[in-house]
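Look at the two complexes coming up: subunit A is in both, with subunit B in one and subunit C in the other.
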Partner chain A sequence: MELFFNQVINGIQQGAIYAALALALVLIFRSNSLLNFAQGEMAMFSTFIAWILADNGFPVVFAILAAMAVSVVGGAIIERTLIRPVGSDNVLAIVIVTIGIFIATNALAGWIYGTDGRVFPRIFANESLVTFGDVTVTQETTGIIAILLVVVGLLYLLFQHTKVGLAMRAVSSNAESAQLVGIRVGRILMLGWGLAAALGALAGSLAAPQLNLSLNLMQGLLIYAFAAATLGGFDSPLGAVVGGLIVGVTQTLAGQYIDFFDGFELGSAFLLILVVLLVRPQGLFGRAVVTRV
Partner chain B sequence: MTRLALTPRRVVLGVLAVVLAVVVLYIPQYFVEFRTAQFTSVIAISIAVLGLALLTGFNGQISVGHGAFFGVGAYTTAILTADHGWSHLSTVPVAMILCLAIGVMVGLPALRISGLYLALVTLALATLFPLVIQKYSDVTGGSTGIGVPDFEPPDWASGLTEDQWAYYVILAFAVVTFVLVRNLIRSRVGRAIIAIRDGEVAAEVLGVNLARYKVATFGISAMIAGLGGSLFVMNTAVLDRVDPSQYTIARSIEFLAALVIGGAATIMGPVLGSLFIVFVPEFSSDINAELSRVIFGGVLIVMMLVLPGGVLGGLTRLEAGTLRRLGRDRQWRRLRATAAEADSPDPDGSPTVDGAAT
Partner chain C sequence: MTPLLEVADLEAGYGPVQVLRGMSFTVDAGETVVILGANGAGKTTTIRAVSGMIDTKGSVVVDGKSVGGRRPEDIVRLGVAHVPQGRGTFVDLTVEENLRLGAFTRKDDDVAADMDHWYEVFPRLHERRDQVAGGMSGGEQQMLAIARAAMSRPRLLLLDEPSLGLAPIVTQELFRRLQTLNQEQGTALLVVEQNANLALSIAERGYVLEAGLIVAQGTAAELQADESVRQAYLGI
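This part shows the complex of A and B:
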């Protein structure tokens, strides 16, 4: 029984990291209606920026916030120069461009930062917060989940109670109509990418202490993060967090208790994606999309 | 039977085709073993990319996972030849049928998923493939892989070296495959496939059975990719083992890149794209190893912004533009002629043709 709880806690620990990246994916989808395959690599790049600042003496929290700010600008520039010219209709082109950004960002990071792994300073200590017998909940996990919930709350406030958030929802719903009522669609799209890039930077900074900062930081996570976003619903930030935790727990429990998934945990994430897309495509918290024919 | 008109364009293309054929047939005689084998892998890859072109370029179903089908074909041939003593060529039908079955199995759920989500699912599939290989390592040799026995020329072709023999065999398969796919695209079936891409609802209204065509296209596309994989492994002059590191998500991305660089909805695009992705990284990494991947990603992005139709698309636009500028565009002339007749009885004045369709 203790093993079970331990695994659940492990799963939650993993899941928190998936949730962080999933938040960025969800934000991009919610505001720009596209899947950004490069989100992980952009996050990794930003995390390196945070690491450089921290390494040069700045306090960790400041470094992370500064990296997030830089990422906002970077994301906005990418949207304006690379994504906007493609147009929203050509799905294949968008997929190719985001894959191209994936490749280029990964290679650029390798060129600038080199391929060695780096140790990323922790915000939260890796010590136990609460202990139930042999089962420990670390400060770090609790801290990450707390931060994510705060972010979800802030996003809720943004989308539901600010003019900017309303504009973002309008653009996502119908860009042409939004333009007709006077919304600067281009700026909103750039903002969407910028915010998502900032969340990616946050996700990377939260994940890096555990996983060690290297070029491959996000690659192992990307599919899990997509599974989390799919399960939670691609337009629901809360869904991203909940989805992430569920994916994490499912992954560890499946790996532990089902022979087939032992050493093959990614298969459980894949199965999850497939089942969700076939049975309930909008995920747990997302809104069902109804297309007029 | 109507005779084929001998237009200047056709003459030029015909001459080009003959020159190309001579060059292609001469390659193994001219280049060293390694280079010839590189060309052989280009051909095998272009078959796989052709499969992807059928599914993604002509049918509009985005697959970032064709590396997995390629890998299935490759491993099928490797396992059957290495562990069960099959001859190389006899493994080809097995690989193809297996991939057809898997393609149909993937194509069925794909009916309910479209666009970006399908790309996501196929991406996950391709990421999963090397893990599946490692999971069943008793059969597949796990991370160390399987050594593939040499693909020797038979006695009647003993004048050829191993690499030359592989080149010609794989070339033959490629020619047949490309001709068959080209004929498919130009048939009623092909038009239905393309109609689905251009407007599913409209196609359905016109009587195209969406489910049947989409699943069948997925299956056939996977089958062709599997054929490519199976042949890829027969390139034993340089490649004497299969291992999962050759069939990762990078392979799928490579195929997609080759597809869009060459021209997504074209038949010869895959060949151009495959040449690009095999040779350019080699030369660009001679110039600067680390930046070459950055440039590769950059090229992909720029391609989509500037030449969404790939190189072939760009050439087609160039041809049309040049013809128009030279005033030799027959369509344009015909349009002006009919407009001139309709507009004015005055033979001297050349009426302006405004807003004419391009």
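This part shows the complex of A and C:
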């Protein structure tokens, strides 16, 4: 039984990271109605920025915050220069562009940083904080969950209690009407991409200590984040968080108890995506979109 | 007196299809003007051209300032509010959030007082202020759309077929509110409508639009008396 609980706690820690990346996907889906396949690679690139700062002696927390700030600018620039010129009425073309950004970012990172794996410093020690019998909760688990809660709280404040957050929700609800009430939609989209890139930087920096930082740091993570967002509903930030935690726990338990998934945990994410799309395509918290034709 | 809105030789279209072929009209400050026309005459295109939603040729001047080439979010800052066809409410935001967004461009402290005013005018909106707009009936959403546009304190309110899809009794109520808005706040109204009877009843002047050109104009009384207008648009 201890094994079970330890795996659940591991899963929650993993899931918190998936949730952060899924939140980034949801932010962009809500503003542009598209899946940003480049989200993971953008996050990997940002994580390298954090690593460089930390490697040059800056405190790791500062390095991550600085990388998030740089990512806000980078995400906004990507929206303005690569996404917007394609035009919002051609979603398929934009998806292709995001795949292009995926490949280009990966190649650029390889060119700048090389293909070696790097050790990314931990913010929180991987040591026991509390134990219940044989069940151990580490400082790292607690810290990562605390960070996720802070992020969710800040996003809630932004969306529900600020004018710019209301404008972001208005743009995702009806971009044309948003323009008609005077919202500068372009700036809101840039902000959305910037915030998503910052969330990606955070997710990457939290994942990197366990996985080691390399060019393919985020590729598996992105699949789990897609599973999380699919499960929670692609237009629901709450869904991204709940979905992330469920996917994390599913992954560790499936790896532990189902022989088929042992060493093939990623399969549980694909299976989850498949089941959700068959049973409840809008996800747990998503809105079913009805299109009149 | 220079008109509040002066449109001259307006041409607009979608891709290769030209919809407006050099139309001209004016709206004075505080005036109610209706543009009548059949489906496809270019009514919606006219409204969208004025609020900057589509590219145009010709001149659109609001209060002495040319709006040609300006973006919708800048034109609303010149005091032009647009209630689009199909209402354009933010269906997954609450009624109150819709109204707050209407005042997005305002920096003054009277937003809350204005919101109370519109809750008084439309008590249904007050009852449903914490519910999402998409859950309301078409008539209620149209009232919300008008209140939201009015929250920007426009000098000119553009209304694109406000009666579309509404029951006759709801439409009448809506036009009474529009008349009150015009009289009490001095907001000029430019209404494009297929429901010519009702629109002319609150308008001072009107134009008839056919295939992208103004083919008749006059006071509301003149248009109501005109034999060809009566036959084509009033169904008498």
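Basically, the second predicted complex is superposed on the first by the 293 of 293 C-alpha atoms of A that agree within 3 Å, B and C clash if a C-alpha of one lies under 4 Å from a C-alpha of the other, contacts with A are read in each partner's own complex, and residues count from 1 in each chain.
By our rule, a contact is a pair of C-beta atoms (placed from the backbone, for glycine too) under 8 Å apart; a residue touches a chain by one contact, two chains touch by 3 or more.
Keep in mind the model is a prediction, meaning the values are calculated, not measured.
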{"item": "Contacts of A:111 with subunit B and subunit C, given as first, second, both or neither", "value": "first"}
{"item": "Touched subunit A residues, subunit B compared with subunit C", "value": "B"}
{"item": "Touched partner set for A:76, first subunit B, second subunit C, both or neither", "value": "neither"}
{"item": "First (subunit B), second (subunit C), both or neither touched by A:167", "value": "second"}
{"item": "Subunit B versus subunit C as contact partner of A:64, first or second or both or neither", "value": "neither"}
{"item": "Touched partner set for A:145, first subunit B, second subunit C, both or neither", "value": "neither"}
{"item": "First (subunit B), second (subunit C), both or neither touched by A:90", "value": "first"}
{"item": "Subunit B versus subunit C as contact partner of A:103, first or second or both or neither", "value": "first"}
{"item": "Intersection of subunit A interface sets (partners subunit B, subunit C)", "value": "none"}
{"item": "Complex contacts: residues of subunit B adjacent to subunit A", "value": "56, 60, 62, 64, 109, 112-113, 115-117, 119-121, 123-125, 127-128, 131-132, 134-135, 201, 253, 256-257, 260, 264, 290-294, 296-301, 303-305, 308"}
{"item": "Interface residues, subunit A side, partner subunit B - complex", "value": "34-35, 37, 82, 85-86, 90-97, 99-108, 110-111, 223, 226-227, 230, 263-264, 266-267, 269-270, 273-274, 277-278, 281, 293"}
{"item": "Interface residues, subunit C side, partner subunit A - complex", "value": "51, 53, 71-73, 76-77, 81-82, 84, 88-93, 97, 100-102, 104-105, 148, 152"}
{"item": "Subunit C-facing residues of subunit A, complex", "value": "163, 166-167, 169-170, 173-174, 176-185, 287"}
